[in-house]
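Every chain is named by a letter (A, B, C, D and E) in the order it is written, and numbering of its residues begins at 1.
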């Protein structure tokens, strides 16, 4: 099982995020500790993606702070945050379509913030064996599921200490979603710290230990995922499942 | 739709504007002023016509100078070589410009962004090469010299500077009125739709090619009017009027003045012409001063002057609108009824 | 038009050799400038109208370095490195402030830069044209080859520009830097999220473009007269080249440049009064047949 | 210094070189600037930026120095001439605009056109319309004054003229051809009005004087073309015995530099009308020996003390060699100041009347005299000749002067042939 | 009535649509499902003329429309909305819909009059009402919420009074609540206007809830078609697309 300590790997504290003049996040706080897989659940437009983007530096908060390994990051550019150890996997995959699978991975190659160099091309292919025979293929020619695997692998190449995953199951056929689930379980078992944004609570059930529910830009619920599963009221009000 | 002006209101404004322009020389009795307004008419019509493409249709033409040059040369050549009246030469010039625009437009308008820009530029430079090479007709690089004859018509004597001033101001006002009417017509809104989302328009039954071609031809015809005014001002025609720099100047006028507001290009024309005249007068380091001022505008505002003003106003209005809408929705929100399971 | 002259040239080996080398030399120098234009457009989507002014600066930097050092090598390096630094400054201080603005706003900034640089050159180096002078090493008689005439200096230029082109090709396709640059062209925010500083990537692309243009200016200086405004004609040709080759494609820029060089050199025999027009005709034909250029990717 | 002088200096203090010189010319003599004596205003339209910037720099120096002398001698009853220089950026329409602005807004008394030939025609229209006294100081295009439809009573030319140069060049080239046995010729001139006219007329008069000459090819580089390789290789392919070119300025230096690496000058006799000008002679690093050139401006031709002194003083004053534009503009300004002195007025009609047919003492004339010919308001009797280059000063040691009688005779026939008379 | 016969289209040698034959009766409501890359969107693109088919026929009421341009096909009565809402960002909801109405009524190249043409306002109002956008008429489209943008996209297609309406993932990117609201709206439109409605959807609960008939595409071919119940049990569909877990979850 996972080794969860109380050490916070990354966090957001009381952040407000705006797109233009409209406020998307209201006083959002979330902290993920070492080895933990946290699900961030909510409906579409609830603010899940924005929370992840704020943590990754792609949607800088107007107020509040974000941290990675205790260092404040709210004013930092995305690449600084990535180098501090926070890896981001976007929801719409965003592979580099005209680069080969191998090049997609190599571009992202870097050591972790403390010199971690666990993830190599070989280890990625070991974990994602379906990618190895495709390594010379242009990423744009991969299927949606393969692309999703590739983006996760690509982010891992940067040896992050924490991982932000934005709806990895979105838009994929059920069979592929099952494969993604298996991959995430594997990562969890390796002790990777993950914040997983999802609409689909069922998908998170076997993966995440804790759940945070966001609605209309505000955090409305925090507990273990098992507790959430049992809480029909929260599910009905905020997840409507 | 209170914000939308009617043709009647526009016409009244136009008449008022013309009367003011007609009276101005009595207040500023300087030929320098009338000269300025005549040039402003040429560039104002030209830049606004380009903005029909750039601002309203999303077609960034780098080669609009083709029509300025064509208008200028055609009009001057007709007046020099045939004993026709000015209105006849005017109409013939517009007619020829339309013909050329139909041909060139048919080839260009289907191309996407940057390629459209460069192909239009190529056609303009072809005209320029032609003007330079076809010396016996065009005078080559010397330009058309010897002056343009100006037989009086309808009591208008264009060899008189005040008459030329009135004529140019009148054309400016009429052309702006006509172009404003066009952008406010159903056709004008079709242009906006194509500009906003060219891939959606065909699925609404819009023949994008045809609409774009119409816009291109209309802009070309008005561009030629700008050229005609310029040929009357310099009493000739020069290859520079068909060179890429003339398109560049129109683009800079649009960018300085603003492309989402109808009068933006005119304001930009005033700015660029004034800057040019003042800077040329004050310093021999024209480039540094003008370049510096342009940089200040481009980096300071990052949009045209009128765009800047309009955006501030628009943002505020939309913010209120969406706020109102949000509270409306919130008030009428029913508990979520899940239709499934 | 003189098609018979063109025909008799094409069957004479001496004429073909002479005109081909002249076409190559025009084309390859042009390539150094056009490659930068294409690269900058490909990665930053900026139509860098100021690139001709970069080339001019390269020539002037080289001129001054040659005056001081007497070494052509130092002069060319000074041109390249000087403009590379200038390119970075231009990107960081000016162009980076209009990323995300309409293309035309960026062009406005470039245009302002051209105005300023032409004036600055006039102030520093004077209004008169300057002549660099042929470095002594190249003051030799041209080589005769199958009746064709090939100047030693041009042979040198052809070789050196081809080497630069090859290095550039390797840099873009084979190195990690090149892969990052190409990735940043497609999806800069993703590149940034992977821990790569896109600001540095952008600045480096301007540096590379500046280096190439500066080298071109320095290399060409012995055979071109230096005046303020000398960048204008080369920028127009560079745009023709990039459009023909496909905006953003370095390989396309190479093919396009050589094509333009050959059109010019053989065109001056067949169409002496319309060589300029010929380039625009070629550009129009390519755009009509293949709107994205020879090596361009089909845009939607 | 009086307040008005400060004003005058302040407004134009940014003008470089010539402008500054003109300003000091006024400011240097405060005692003559009486308040009731407004300065005479002269507006100069010229090219101050881009590739033509050197035109403005040399032209304004030539004219301003002459004006300075006039002002130093007391001006017109104490009224100095104030020279205002503005940059047309090489655009004819801008030239026309500035000329109109000079007349309409600045109220200049005299218009100096030191712009390109194309601009000269545009300015000529302004001259006709406004009736201001105008001197074209740079345009060499013959029709500007030869064509009665274009000519105007109030506009003069103080520059050399294409037809004169072509006749001179043709007769000289014919002489050389006869001695060296040159039969096959080629032209390589810039593809614009001046280049085409000059090329055509040169060969016309070459054949006139030497019936065996044959033109076997032509190549037309663009104005300001950076690279002449394609033209050079074409010349090498065509293999003529001699080449005529009327390239000028930076284009000519690039052409010479590029010709050098093809070793062109060793194989072919080159007749380049515009080399013998210090701007070229001093700029080209490896000037080949034995190029035939027309005289543009040389301190050794005419070989008089006046001319040599003028050049030496000019160098001292501006720290650079005088060029063709320098003497043309100095002459233009001199004619105007002489006319002002003579008529004691700045009335354009009186001035024009005085200038028409006027002869002045000048270091640049044959026998020390220059004349503005009355019949067409253009300059004649200026020193013109041809010679062969050597690699260092005096660059063209032996200039053969061309006889003006021959020039004028053939010019007359040319005018008739063109139905100008 | 829409009938597809042997429709094929390849890109660079890869068949995106491979010999597809399908029939959609007049007034029917069908879903097209299939794994990513199955060729669903390509199939729509072929029907609407965005791509030209390599081979095959597309019969609308018996007339072959294959190879016609999108505007021509639209004018024959096939309307379409997109997976990612394609709207006109700077126009207000009202102006965009009115613009679509004037295009539909062949008034879009009128220059002599002013926008908006009063005689078209009724139709625009009706469509806004139908799509539930009336209260948002004056909002500039780019300021709309994601769901409203998708509604506007569908409304633009509705303007055309289509006989056949193609909706590409009308609920993509929506939360469950929004999803069902959207499906309600779509269903209501279908009931009111009685066009032939074909939609692509990933959410099987929606598909099985409202579709009369389901077509399953896989690797460009028709894998299966039938009623929701038939498809749910179809062994090949389960293997290729739905997966075992689906059956378990929906058992």
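Definition applied: contacts are C-beta pairs under 8 Å (C-beta built on N, C-alpha and C of every residue); 3 or more make two chains touch, one makes a residue touch a chain.
Values in this document were obtained by computation on a predicted structure and should not be read as measured data.
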Chain hops separating subunit C from subunit B, counting only touching neighbours:
1
Could you pull out the chain whose C-alpha mean position is farthest off from that of subunit E?
D
Where centres are the averaged C-alpha coordinates, which chain has the largest centre distance to subunit A?
D
Can you give the whole-Å distance between the Cα centres of subunit C and subunit E?
49
Cα-centroid distance, subunit A relative to subunit C, in whole angstrom
44
For subunit B and subunit D, let me know how many angstrom lie between their CA-based centres, rounded off.
40
Rounded to the nearest Å, the gap between Cα centres of subunit A and subunit E is 32
What parts of subunit D, by residue number, touch at least two of the other chains?
48-49, 56, 191
Subunit C, residues touching no fewer than two other chains:
118-119, 122, 273, 276
Shared-contact residues (touching 2 or more other chains) in subunit A
240
Which residues of subunit D touch subunit B once you look at their complex with the stated criterion?
11, 14-16, 19, 48-49, 56, 85-87, 89, 91-94, 96-98, 100-101, 103-105, 117-118, 121-122, 124-125, 128-129, 141, 149-150, 191-193, 196, 223
Across the complex, what residues on subunit B touch subunit C?
54, 60, 107, 110-115, 118-119, 121-123, 125-126, 129-130, 132-133, 199, 244, 248, 251-252, 254-256, 259, 285-288, 290-292, 294-295, 298-299, 302-303
With touch defined as at the start, can you tell me which subunit C residues reach subunit A in the complex?
176, 179-180, 182-183, 186-187, 189-199
In the complex, go through subunit D and note every residue touching subunit C.
48-51, 53-54, 56-57, 191, 217-220, 222, 224-227, 229-234, 236-237, 249-251, 253-254, 257-258, 260-263, 279, 283-286, 320
Spell out the part of subunit C that touches subunit B in their complex, as residue ranges.
41, 47, 94, 97-98, 101-105, 107-109, 111-120, 122-123, 236, 239-240, 243, 247, 273-274, 276-277, 280-281, 283-284, 287-288, 291-293, 299-300
